[in-house]
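Each structure below is given as structure tokens.
What follows is chain A paired twice: with chain B in the first complex and chain C in the second.
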Partner chain A sequence: MQFLKLIWRGALRHKLRTGLTVTGLVVAILSFGLLQTIVDAWYAGANAAAPNRLVTRNAVSLVFPMPINYREKIRAVPGVQAVAAANWFGGTYRDTTMRNFFPQFAVDAVSYFAMYPEYRIDPDAFHAFLRDRKGVVVGRKLADTHGFRVGDPIPLKGTIFPGDWEFTVRAIYDPGESTTDTSAMFFHFDYLNETLKRRSPRRADRVGVFVVAIDDVSRAAEVSHAIDELFRNSTAETLTETERAFQIGFAKQTEAIVVAIRLVSFVVIAIILAVMANTMAMTARERTAEYATLKAIGFQPAYVAGLILGESLAIACIGAALGIALTFPIGEWFSAQMGTLFPVFEVSQGTVALQVVCALIVGLAAAALPMRRAAKVRIVDGLRAIG
Partner chain B sequence: MKAIPIAYSLRNLWTRRLTTVLTAGGMALVVFVFAAVLMLDAGLRAALVATGQPDNVLVTRRASGTEVQSAVERTQAAIVESAPGVATGADGRPLVSKETVVLITLPKRGTGVLTNITTRGIGPAGLALRPQVRIVAGHMLRFGTDEIVVGRSISERFDRAGLGDRLRFGGREWTIVGVFDAGGSAFDSEVWGDSEQLMQSFRRQAFSSVVLRVANVNGFDAFRDALESDPRLPVEVKRERTFYEEQSKTMSTFISYLGLTLSVIFSIGALIGAMITMYAAVANRTAEIGALRALGFRRGSILLAFLAESLLLAVLGWIIGLALASLMQWVHISTMNWQSFSELAFSFALTPRIVLSSLAFAIVMGLAGGVLPALRAARLQIVDALRAA
Partner chain C sequence: MTPPLVSVRNVWKSYRRGGQIVAVLNDISLDVQRGDFVGLMGPSGSGKTTLLNLIAGIDKPDRGEVLVDGVDITQLGETELADWRAGAVGFIFQFYNLMPVLTAFENVELPLVLTSLSKRERREHVEAALALVDLADRMEHYPSELSGGQQQRVAIARAIVADPTLIVADEPTGDLDRHSAEEVLELMERLNSELGKTILMVTHDRRAAVRAHAIRYLEKGELARGEDLSEQSVKEARRS
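And now, the complex of A and B:
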């Protein structure tokens, strides 16, 4: 009890210094948490992937399409439950800035949404969408970002499919799970295809990817192989992989950035370690005479070292607690500012655990040198010392 | 007003070595991050700006944004080719390259990550239009064959992409007969083949873009207006340099926003570190300050001495941080450029501007961290200070 009281009094002795150190820790733990969450958001697509979904694309690369008749051929492969065509539309809304960017897909509406039960749509609204050829379904986050409401028009300028395109919001989908991306817009593949038949017939009846639902998750590799075999030596050979592998493929290509962010998030911990170690070194140096006194009246070196460790850990823990508490509201604010750039931005339990571990390491490491010094100092030298 | 010798500040830093090293170390890390982010952005811009030649012009379909999404029909390309104002080469033919740009995927060496690679079909004038491109191994591809040449970054980073290797895409095999160096530009991350051959194997009817040189750089505006107002041509005409600058926009914005945010957050940490150190320095030396005042030094001198100490810490941090950052120049980054959706390799570039702005950043940190403690030191009453000992 007395030990704890001593630690507490020690921590409060220089209120300004302790206050500054805690502030530094809060900033560091907070930014560490946010950076880790950004890294998580990078892999959000992969985390949201369901194990029973495969993605078939052209083997050369994603920019090459496949003929629409592949849809029926894939459906006939044993183990395949359903197939839906999906095309990346790549239209620009308002202008080409990052703020106004959001993904748009032309999909076989009925079969596609049946495969994605995590997109929660009101059945009536969904029927309204099915009845409207130019109708679209938008995600909750996208709707909130741009203020889209049911009935609103969305004009897009095509980059891949030239010209102006008009859409009308018919439904808004809500996330079924915390990892569900609600920043996308979906519309009817048929609308795209019919329009292309008029505007540029050569580009019609072509599909970017097929999403394939399978019966048995354990046979994913087998079914993928069977699909690719089907089109071997054709003009458009395919590459089929699980949705997760497909999404990770995207994230992997920008891995250098993820590595940089990870690195930076550990640099911030190193910086705060330097600050914290500095505080503890100064504290211990100033109190060398006191530690010598404690030893002189019979306290063990371990007791003195414990005082320093306790104070360091106490400051680290207060800083960490505040930092973690702030991570959630600030993360929410950040996510709102970024709009649809990070479709899923959620502070995970793993991140919080990492924050705690980092704070403990900082607390321990900062105390290490001063502890050794204080425990080792000879009473005579200590009593003579000046700060 | 008599100034306190700078040696006083220097000696104080030396006496408290551990604290000095820790504070300067914290600042060094902040300077390092600040400089590294600016260097990354500068490197990215340098790579993409070096890609465009000042007198080259790129013609793409209107509103397509990237070459991969663009399509220019043969008839349209022919009109562009014969437009007045196009420069002619040494052989008397117009300096025009009708290009086919597609993406293929190759596994990265080591990790095996399938990566999108820009594959460019060029016309016979393609090489002449890019004087920064030099063949460093093997020879240039012969037109009308299955020969291809690859950029240096590709041959270094990808499996089976060396001289003499064969790549399979578009339903046929291609032989790598040469490796080229494009001076760190985006072309270093590309594969080049014969435009007509690529069109055939990918069953394309249209080119992706037309690259040409204008005879008179100053006549560019007139040249662009003439082409863009031609009702037969749904095209966009841009200087090659402008086009590639736009290609780096998303990535560059992302890097600078992220860098700015990080620098601000980190500098708060370093500021706090500097403040703690300086407050402690003042508190420990209260008696000393009193003695200095008693000797006749004015409040201003005391203020300056402590500010100088804080600045010295910051400059020390700057030197260490910048030294660390300059080592990053040997690091190459390769990532996917979101706009072109394909692999792009670039390196950290240290420019004089970055050296200066990181120095300014460090000085501001030192001043901001030192000013409050220095004020406290200057405000001490002589009698109280002397009694504190």
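And now, the complex of A and C:
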């Protein structure tokens, strides 16, 4: 008890110093948690990928489409359960700011939504969507961000597919899992295709990607290869990969940013480690005579070292607890400010665990040298020290 | 003839200062009998605090023996020495060296934390020690709330609470005004005369030294001469 008393009261002895150190820790741990969560959000698409879904695209580039007749050929490949066409639409809602950006896809509605059971839609609403050529399904996060309700119009200005496009919300999908992206809008591929046939016939009957459901995940590589072999030496050769690999491919395009964010998050920890080390060094130096007195009375050097370590860990734990607690509400606020830029922005258990580990490392490392010095200093030298 | 409580035999001690070896004690031999109150005097740098530290077990000689109550403490390792000090030595420092974050009670209790006494037993010992130094009503006060003299009395209580074999005091009145110094010295006299505590005290102050039964003088690391104090010489010193 005396040991804990000395630690706790020692930590509160210089309230301003301890308060500022704790504040620094809170900021560092909070920043670390938010930066790690941004990195997680970057790979959210990959994390939400299903192992039984493949994506087939033009082997040259995602920018180039494929003929729609590939759909039935792919459907016939052994191991393929279903195929759905999907096109990135890329329209503008209201303006071009990030706040009003959200992903829009033209899809083969029936087959596509059958492949994504994690999109939870009310059956009646889904049927209403199927009956309306211009109907759309929007995600819950998207609906909340812009206040969309069933029946609301969504006018879009096309960029890849120029012109004015009018849609009506017929259903809202909710997430089946915590990693499910609910920031997207889906409409009928047939509506896009028929409109293109009128406005720009040469662009009709073209598909951006095919999403392929397979019945045996262990045969993913084999089925992917079989699909690509079908179209070897054609005008539009294909590249088929798992949905996860496809999503990671996007993330890899901006990997340098992710690496930089990760690096910054650890630099923040390194900075607070230096601050804490300075705090503990000053504290231990001021108390040299006290530690020497304790050793003279008969306390072992390990006891004195333990006081320093205990105080350092106590400060680190307080800073970590506050920093972790703040990560959640500030993460939510940050996500709201970003709109649908990060469809899934969730502080994971892994991130919290990392925050705890970093705080412990800071507490341990900051105390290491002062502990050693206090334990090793000769009693007679310590008693002569002026704090 | 009973053996001395403290027996220092042919002790040498030197320190390294900026690359030079400085001899502090040269072939010192000294005996202190059980129940004695001995003052160590001498000019600055004479080695009196060094000798005190060697006897208290917080430093080791380069050569020679230091026996306290039959234990050759020069042969003990650091861990054993710490354990030995916990039971054998009570310290009184010039600047009290109390833990500022602990109350008077908790400061006095510190040596007992190293024993196997129960919480209740520790409380009894601490209360008795604080009553002895007449600070029973200040036990919940922190050092910053006590005067210099009161802090030194708390330090004395801490020094005696574990009933050590030997009490060592390094300039115990060095930081006190005259009145507080007198109080502290009277208390030390009582510890010696009424409780039979063996006390070894380093001091520059003649008024403090005459409280002792005997004074040993150190000059340039050697014991120059001893002085057993008669009642008359004590009275004369106190009048001055």
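Brief remarks follow.
Just so we're on the same page, the second predicted complex is superposed on the first by the 387 of 387 C-alpha atoms of A that agree within 3 Å, B and C clash if a C-alpha of one lies under 4 Å from a C-alpha of the other, contacts with A are read in each partner's own complex, and residues count from 1 in each chain.
In this section, a contact is a pair of C-beta atoms (placed from the backbone, for glycine too) under 8 Å apart; a residue touches a chain by one contact, two chains touch by 3 or more.
The shown structure was predicted, so the numbers you read here are calculated from the model rather than taken from an experiment.
Once the two complexes are laid over each other on the shared chain, residue contacts for A:Ala289 go to chain C alone; chain B is not touched.
Shared-chain residue A:Arg13: touches chain C; no touch with chain B.
When the two complexes are overlaid on their common chain A, residue A:Glu255 makes contact with chain B while staying clear of chain C. By the touch criterion stated above, A:Lys5 is placed in contact with chain C alone, chain B being left untouched.
When the two complexes are overlaid, the chain among chain B and chain C that reaches more residues of chain A is B.
Applying the stated contact rule after C-alpha superposition, one finds that A:Pro67 touches neither chain B nor chain C. Look at A:Gly298: by the touch rule set out above, it reaches chain C but stays clear of chain B. Across the two superposed structures, the residue set of chain A contacted by chain B and also by chain C is empty.
Note for the complex: chain A touches chain B at residues 14, 16-17, 20-21, 23-24, 27-28, 31, 60-64, 90, 92, 96, 98, 157-160, 162, 202, 235, 237, 249, 252-257, 260-261, 264, 267-268, 270-272, 274-275, 277-279, 281-282, 286, 369, 387.
By the touch criterion given at the top, residues 18-19, 22-23, 25-26, 29-30, 32-33, 40, 61-66, 68-69, 102-105, 111, 113-116, 169-171, 202-203, 205, 234, 250, 253-254, 258, 262, 265-266, 268-270, 272-273, 275-277, 279-280, 283-284, 333-336, 338, 341, 343 of chain B touch chain A in their complex.
For chain A in complex with chain C, the residues that touch the partner chain are 2, 5-6, 9-10, 13, 289-290, 293-301, 378-380, 383.
Interface residues of chain C, counted against chain A in their complex, comprise 53, 56, 58-59, 78-79, 82-87, 91, 93, 95, 97, 99-102, 106, 109-111, 113-114, 158.
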